[in-house]
Every structure is written in C-alpha cells, then in structure tokens.
Amino acid sequence: MIELPKGRSLLKDGLRRLLKRKLATVCLVVIAAYFLLAGFIYLAEFFDWQIGPTLWQEQAGESYAPPSSENIFGTDIFGQSVLRKTLYGAKISITVALCASLVSIAIGVPLGAIGGYFRGFVDEIIVWIYSTLSSVSYILLILAFAVVLRERSILGHKLTGITAVYLAIGLTSWVGICRLIRGEVIKHKDRDYVLAAVSYGCSRRRIIFRHLLPNVFHIVIIDFSLRFVAFIHAEVILSFLGLGEANRPSWGAMINDARMELSRGVWWQMAAATAAIFIISLALNIFGDALRDSLDPKLRVL
Amino acid sequence: MNYGNRLPWHGLRPCRGWLVVAAIVAAIGLCGCGGPGPDEEPNEMALHHVLHTRIKGLDPGDMRDVYSIMVGSQIFETLYDYHFLKRPYELIPLLAEDMPEVSPDGLVYTIKIKRGVYFQDDVCFPGGKGRELKAQDFVFSIKRIANIKYLSPNWALFDDRIVGLDEFREYTKSCKSEAQVDYRRTVEGLTASDDYTLVIKLKKPWPQLTSAALADISTAPVAKEAVDYYGKDIISHPVGTGPYKLNVWRRGSYIELVRNPTFRGELYPSEGENGDAEAGYLDDAGKPIPFADKVVWTVIEEYQPTWLLFLQGKVDATVIPKDNYGEVMTERGQLTAKMKQLNIQLKTFPDPSTFWLGFNMADSVLGNNKPLRLAINRAIDRQKFIELFFNGRHLVADGFIPPMMGCYDPQIKQKGYARYDPQEARKLLKEAEAVYGAKLPTLKIAMPGTDTWSRQFGQFLERSLNAVELEVEVQYMDLPTYEEKVNTKSAQMFASGTTAGTPDAQDFLSMFYSKNASPGPNKFDYSNPEFDRLYEKAEVMRDCPERDELYRRMEIVVLEDCPAAFLNHRVAYVLHHDWYKNYKPHAFAYGLSKYRRIDLAKRAAYKELVRR
Amino acid sequence: MTAYIIRRLLYTIPIVLGVLLLTFVLFTVAGGDISLEIAGKGATQQTIDEIRQGYGLNKPLFFSWDSQFVNHFKNALTFDFGRARDREPVIDKIKRGVGASLSLTVPIFLGVVIISVGLSLIVAFVRGTVWDVLAVVICVAGMSVPYLSFILFGQYFLAYKWGLFPVFFSPDLSMARNVALPVLIGIAAGLGGNLRFYRTVMLDEIRSDYVRTAFAKGLTTQRVLFKHVLKNAMIPIITRVVLAIPFLFLGSLLLERFFGIPGLGYLMVEAIGARDYFVIGAMTYVSAILFVVFNLITDICYVLIDPRVCLE
C-alpha cells in the first residue's frame, strides 16, 4: 500500500518550516514572554496581588538613585524602582498595540474583503475612503483623532485619554491591511475554488468568510506582526506629544522624562525603556520576516 | 543555480554612489563642527534675553500674556509706572505730568499729560514722522478695548467702571465690523478737556484705577493712524512712545528692538532704597537712558539650551533650570566655585505669587464636605513638594496672600492652615465619609499640562493622597481644555496659581468674591456672605492700615472655609553675568530694559575666558 | 495615454472633497467650542456669544447655502485659511515655516534615498555573505530603536556632551549648522527601514530569470546591476520615493520640536497643543493636496516607465 503524503495546509506547513529556524523560535519565545508579562500584570491587578511590577509605586530608594545592587535600573524622581516601572510598561505597550491591531483588523479586513469581492460601487466607496485617509500624514491624523476623541463619549461610555489613543491609532491604521486584503481577494476571486463555490449556490457571505478569508489570512498575520512594532513605537511618540497614559508608567513616558533627566546625568530610565522596546521590536521584526518567508506559498515544498 | 552568489568581492569597483554618500556625510559633519556662532560688533551694546514661549502679539490692547508684555513694555509706555528702585513699590507718573487730581467723592480723576512726548516715526503718519502724544490718544485706546468687535481680553478690567463706556460697548455690538465703529461718539466718563488733560469719571470709587488700569499695558496710548493704517496687522507693527522700537520679529524665534531715535529722553533715577548705592544701582544716577542700543529676545522653549547659551555668554540672565541646580548652588545655598569663577551673580527675590490645588465648591462631593477638604489640606507635605520640584527654594503658602504684600500677616504660619499632618488627615477622612454617607468616590484632579513636569506634579499629588487612603485620579489635559473644564465648573479639583500685577492684594481677594464666579476669576465658585460684605467695604477704600486689617480678616474667613489647598509662593532665583548692570529685580514693572547697561569690556573678557 | 492621465486627474477630485469633509468633521463638528477660549478669562456669556457670531460658528453646519461646510469648502478652494488664534494669517505662518522644514527634510530625504539605494545594490550583490547578514542586522536593529531614543542620544552625546553641534536652533547661526545634527539623526534613523525595503526589491529582481540569463551571457556585475536590475526595480523605488515627497513639506514633527527648528512640523505640534483648529485644518488640507498631486506624478511616471500600465 502506497503511503500518500498527507496534505498540509499552508499554515501548518508554514509553522513547521518556521520552527525549524532557530532564530525565529527564539524570537517567538521572547515575544511570548512579553505577552505573558503583560497578562500576568493584568491578572495581578485583577486579583490585587502585590508583587513585582504592580508594586511600582513603592519607594525603593532615594530620589534618582543610580543603578546598584538594590535597584538594578536605579530609581526615578520619587524613588520608584525603574525595573518595576519598565516591567509594568510592558502592559501598557502590549495593550496599546493589541487594541490598535484589533481595531485596525476589525475594520480593515471586512472592508477589504467586501470591496475586493463585490467591486463596483461599494468598492469605489471603500477605495475613496482609504485614499482620503492615506493622503493625510499618519502622525497628523493620529494626533487629530486623538485630540478630538478625548473627552468625548461613545455610547454613553466616557473616553479616557489612553482609550482615545488606541482608537485613534486603530482608526488610522486600518488602511494598510485593507489594501492588502483587497488586493489578495481580487486575485483569488477568479480562482477555481471560488468559482466552484459560486456554481453550487454558496451564499456570498459564506464564500467570503469560509473560503476566501482563510486563504488570504496569512497576510493578516504577517502584517500584524510588523504593525505591532509600529504601534509600540507610536505609543512613544504619542506620549511625547502629550497623549497617552499619564497615570501609569509607560515606556513612552519614561523616555519622555529622560529629556530633562539626561542633563542631570540620570540615564538609567531612558536606557531601560529603550532596551525594553528594542528587544521586543527586534524580536517582532525578525519573527515577522521569518513568518513572511515561511508562509510564502511560492516557497512551499510540496 | 544562482550565479549571483559567488562573485568575488574584489570584482566590484567602488560604486560611484559611495563617493557621493561620503561627500554628503562629510559635508554635513563639517558644517556642524566648530565653535559657536559669529560674534557681534564689539562696540554695540545689546541685551540678550530668552523667552520660553513665543509671544502672541505686540498690540497693547490685546496683550494679556506675560511674554508679550515683557517685550511690549519696552515699546509702549503707560500713564503711570512703578519706580525702578524705590521699595516699597511706589507708583510714579511716566506719561502723566503728575499724580492724578481726584475729586473728594473719588469719582472724577483729572490727569495732566506730559508735553513733548512723541510717537515713534512710522509710515502710518503723514511724512513718516511720529506726532505728539495727546490726551485723545488715551481716550481712543480705552474705547478700543471697549469695542466688542475688537475682542480684547482686557475688557474685564473696565467692565462697569467708567461712566458711559458700557453703553459705548453696547453701541459697538450693532456695528458690522471693528473698522466701522465710530470712535468720535462721546463717552461721558472718558474725555479730553484739552489736548493735554484727561478726565475720567467713574461709576463708583475705584482706588486701584491708577495702579491696576493706568499702569497696565492695555491702556498704553495707541495712535489711531496706526490702527487705521495697519488694521489687523497692527500686532506686528507696534507704534509706541517708548525708548525702543521693533526692528526684526521672526515669529516664534527671534525679536529685536532697537533704540528709538526720537525718544524724548529720560534720566536714570537718583534715588532708591537703602542699600542701593552699595549694590551699585546708583552708579548711573542722572545719566540719560536708554543705554543699550539693541534688545534681543530669542525664543527657546527648553531650559537646557538656554542654560548652555548662558554659560557661553550669549544670554545675559536666566533662571536656574531645576536639573542643573546642583551645578549652580551648593547644599548650603551658596554659589558653587564654578559659578564664582565665571563671576556669575545671583539675585533672589520672592515674587507675589501663590499656587494651589483648588476645590470646586459647587461639586456635590467636595462642596459641603469640609472635613474632606481639610483632610486633603493636611495630607500634602508642602515642604517636600518644594524640595522635590523647586530645589527647596520656594516658600510654603500658609495663606494665599504672598509675604511681600503690605498686608501680609506675619503670624499666619502659626495659625497652621497649611500644616502637614497625615494622622489628622486620616481622622478627618473618617468624618468626611460620615458626612458623605458612603465610601468616598475617586476624586478627580484637572491638571493643565501633559509634559513631564505636570505628570510628576500629578504623581506627587496622587502619592500624597493615596498615602492617607484617599483615591484620586489625575487628568492631564492641554491648557485650552483645562480652562474650558474649569470655566464650566466641571472640574472637581484643579491645579492653578496666579501672580499679582500690583502691590494690592485685591488681585488675590477678588478670586473669592461670589460675584466673580466662573467664568470670572472665582474658579472655586466660593461664596460666603461675610466675605462679600468685607470685600465690598474694602473695595472702595484707599490703601491704609484699616484696609490691610480688612484684607487679613478676609483671608482668615477664606482659610477657615478651605476652598483650596494653598501650596507655595514662588521665589525666583535669577543668575546673571557681572557685565549685566543695573539689574534689580522688580515684581511689577516690565519696561526696565532702558535701565540696563552692559559693561562691554567685561563681556569681551568673559568670552575669551570661555573660549578655553 | 492622455485618457489615462485624465482618468487619474478626475479621480483626485473626490479625494480632495473627501479630505475637506474629513477636516471639517474633525475640527468643526467634533472639535468643540473654541469661542470660550478666545473670549479669555473673566468673559461674560455675552462676550462669548459675540465671538461665536464673529467667527460664524452659529451658522448651520451643512444644509444651507451659507452653512459652515460650504464656507469651509469655499475657503479651502481659494486657499483662504483665515487667521490663526493669535491673529496672524495662517498662510503667512505656512510660508514662513516651509523654508525651515524643507531645509531639514530635503537633506534627510536625499541622504536616505541615495545611501539606501546605493547600499541596497551593493548588499544585494553580496547577499548571502557575512556583509549581507551584517547589513540586515544593522538595519533591523536600527528599525527597532524608537525614533525618540535616536534623537535623545544624538542630542545628548553629540551636542550637549561633546559639543560637536549646537544643541538647539539659534537664529544667529547659519541654517546649515542648525540642521546639521537633526539631519544626521534623521538619516541614521531612516536608513534601516528603507535599506531593507530596497534590498528586498533588489533581491526580488536578482532572482528573476532575465538576470540569470544576463550572468549566463557573461555580462559583468556592474552592467547587470545598473543597466538591468536597477531599471526594473525602479517602479517600487519610485513609488516609495515620490510618495515620500509630499510629506517633506510637513517637516519632521519630532526633529523640529526637539531642535527648535521653526518649521511646519513645529507649527503643527504647537497648533495641536493650543487647539488652533484653523492652523491644523489648513495644514492637513495642504498636505493632502500635495499628496494627491504627487500621486498623480507617480502614476504618470509609471506610464513612462512601463506603458503596460495604461491598459489597466
């Protein structure tokens, strides 16, 4: 009896190839670590556990104490431990990036799929919307949105500063993913499997969600991992410009404070925050690249 | 098989691109190298200042922000101003001939204008020559502020004061635009009985007329020719009577004033207070002013670059940036050796300011819960605040009248309104909970600013109040949002402060007068009939010991009710080079550049010194 | 070909309309009432109402001939942006800031493009070797450092500590000296991402059949790279380059803010802080117009390089 090799889906195949590359696996571990840290902090705050990062407010030393055996990263103006603040900052950054990603995927993917599939007038409108949005400089748009969204209420729910930021970033970033999905859907629309589905009377919604999207979803994953980096960096810039989380430690706020602190020789807050951002960005960049290479259908073996 | 992979490295000639790249990078690098910029003429005397925010405009009627006033006061003059050297601060005539003649009922002021004062030469005048100042110019300036189409923020000063002026304002509402207002319409209380006599009739006695209004830059005379000629562009074309005129204004970065050649001339004062002669302030007594040919302001928003420029000798004076304090002052409050080596001088002076965390008395939680307000007061360690944020330089605010005011109560500290007592705070909080009837909700503090300083200040407040188990949330917002929130009474607590413009404590007291509720100066929405009664009595009194007594009583009434936690009074520490002469800090007057002199030899010597 | 161009031109009209609608909704409708701030402290309700009327803020939003939107539209078309909150005409502010912004962004742009395209050719050539890996590592590392950190490090070490460059904009220094450090930082920070992109483009080209043929024919490396690969990689390169041009005008918000360069980016940050919607709206509109224009130019360039595009 001849053993027929089992067919593998693109994703599974990609995953397999991915894990074969050691560097990519290491990066995945690093990324997972950040996410776990953020998750842990959420859990700790929910259950009110008083350990590690949630104790960031505690006075761990003198004001502006340099790195020492007690405080590896030194302290800030109130004597709070910079190490704890840095760990806590992971929560903010991951949350911002995650929420923004979700918002932009939630808007961009359906719109892209609908536009790409239906073409015609609906497509024209969608293209018009995203062309308009993309003709305005990214930072400008985020700033404008964030400033305007602050202090407004949506469905009776008051928007705090940081929520407005998540929304603002998400609302301006869906364009990229929308374009990509639309392009892919257009390409796939005339493929055999879609025509087959149409011929047996499959409803359009089913076609889009059950057939098309799973086949173009790898694009979303790749885009997600690369966008994530951009969102983390965006938080830093927005923090500098006065938007963003002000009551809790965040990497952006720490770098921002560094401006004043550097001139009195306090370099540790900035170094810690930059290092934290650098590591996750590096990991995501390498991982994203590896992902792109492994999910590239052209490179599939079998 | 991919042949591209293994071609030898040496097979590739250096790309032309490389050379271009190298050239660009080298060029950029070379540009930046080298020392500081070009020196200026050694014989020209120019003052160099730094502004930390750009100025808004140079139109006196429209000026309200400190920086515009700092620049504008060298160009424009007012009827009265404060004596440069005398203390306690004394109001003296500047454009007026003498102090005003006041009628016995205090309602009519007759002021004689100096003769021979000319507006600077400008194209708006026929033949380009500035004409002589007349009393009608003052009438015009004040009417202009009353013109509602002009949208002056200074109207509040004259609201309901001068006979007939409010009716004039009503009239301007019916005009279609600012330019269409007919200024020849008479206002009964604002007339020029002849070219050199101004008569003002008030609706009720206003003892602060001369100090608060006639010494305020908004009443500086403006030539109608300039307004007609420049229209809305008058903010960049100031035409004044003062010792300097505008030469260059690169908005947002650089302002240069030059000596006004047709200035009528004045003399440096020959009298001062005790100790002035020893301090060298009378060295130039009797000499004609201004000394400096140019006054230059550079706009630099950050303190670090300012500090560097100061050390390089390119800026005459600066405040000490918080983060460089250790470089400048020793633990014992002396100048460090480095500063002494450079002959840098330090001047300290308390300025008439108070800063506070205000409570909205109309708020449902704070309004009728005095124990809560007192608890917040007890929970804040003012001394620690001053140490962390102001290098320990400022003074704790035990009341809200600053120590340099004449009516300041020297016993106020003993009364203990600002003492730090977390134990008592906790006790008071329990009482507060009983009053509120349930667990206290999270209180919100509105903070005007999102920069590092504001955030650290907010964190400090948070930590202080969390330490006594009171939950707070600080909301950071930009200034316009903050003002809107406070003006519409939707802020629960807010961080604010003010500086007095005159030596009269009324500026501070008017903040608690119930008729001044938001959007007026009474942002606390405080109302106390006893206070109002005393206020109305003091309002029409001239400066005298009885009035001081009334002021002190009013302060106690307010402190008892606790509508705010008063934090600190500012003390300014200013560093200046030793070649910058005649710098005596003044709390109220701004037009002092005319007195400053540069010792050119000393400055040249300094520049050599720092050139290493 | 002309039909194509006209089609593209017509297509820009709804985009411009869209931008106008966007700025209107953002700044007029959702932005909130600014008459309160203009009136200043201590103003009565009456003064505030007067101001509102003066600015035309009490007119209906959309549905009338004199509505706010119609006025907004008319003003934008005639480039009449009115006066900013501090009464200076907005157009003057823009004119003033353009020079400073361009003197910062153009050198950065040129530097980044020339260096990254040049380097990408070299790197594509030596791919697979240690140099390639090193280049990729440096790029990715560069992309992973937050922009703000670049600026802070640069300003602190190169200007403040070692005194090689001025720390902040100084009007009495030449413009070249003022922008030297920000340009250096801008190039350093921008190289990573761009180099990677161009490298990918080059690599894609190098893998194609015609390149293999060319090598097989025995052509030298230079000829292959410059004559064939570069030309074919031009489309994505040009897209990226030309589309970056409109954003040059806005200056770099961060660099300008940190170094105090009085350009349009600085203006924007200030306007946002002061909620000066007149200025923000005007700048958004101008940048959108520029983007649309350059998009058109890109499309025309495409046609010139690859005539097949017309048939789309």
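As written, the chain order gives the labels A, B and C, with residue 1 at the start of each chain.
FYI, contacts are C-beta pairs under 8 Å (C-beta built on N, C-alpha and C of every residue); 3 or more make two chains touch, one makes a residue touch a chain.
Since the structure is predicted, the reported quantities are computational estimates derived from the model, not experimental observations.
Each chain gets a centre from the mean of its Cα atoms; the one farthest from the centre of chain B is A.
Of all chain pairs, the one joined by the greatest number of contacting C-beta pairs is B-C. Computed from the mean C-alpha positions, the centre of chain A lies at a distance of 23 Å from the centre of chain C.
Centre-to-centre separation of chain B and chain C, using mean CA positions: 38 Å. The mean-CA centres of chain A and chain B are about 45 angstrom from one another, to the nearest whole unit.
Counting partner chains per residue, chain C shows two or more touched chains at residues 32, 160, 273, 275.
Under the contact definition stated at the top, the residues of chain A that touch 2 or more other chains are 151, 242, 256, 259, 263. Shown for chain B are the residues in touch with two or more other chains, namely 302, 304, 478, 481.
For chain A in complex with chain B, the touching residues are 57, 63, 77-78, 150-151, 161, 242-243, 246-247, 253, 256-257, 259-261, 263-264.
Remark: chain C residues 14-15, 18-19, 21-22, 26-27, 30-32, 140-141, 143-149, 152, 156, 160, 247, 250, 253-254, 268-269, 272-273, 275, 280, 283-284, 287-288, 291-292, 295 touch chain A in the complex. Listed in rising order, the residues of chain B touching chain A in the complex are 302, 304, 307, 321-324, 326, 388, 450-453, 455-456, 458-460, 462-463, 466, 473-478, 481. Interface of chain B with chain C (complex): residues 2-5, 7, 9, 11-13, 15, 17-18, 20-21, 24-25, 28-29, 31-34, 36-38, 40, 56-57, 62, 64, 148-149, 151, 153, 155-156, 159, 173, 232, 235-236, 250-254, 298, 300-302, 304-305, 308-309, 478-481, 483-484, 487-488, 516, 519-521. By the touch rule above, chain C contacts chain B in their complex via residues 32-34, 36-45, 47-48, 50-51, 54, 83, 86-88, 93, 96, 107, 110-111, 114-115, 117-119, 121-122, 125-129, 160, 164-174, 176-177, 180-181, 183-184, 206-207, 211-212, 215-216, 220-222, 260, 262, 266, 273-275.
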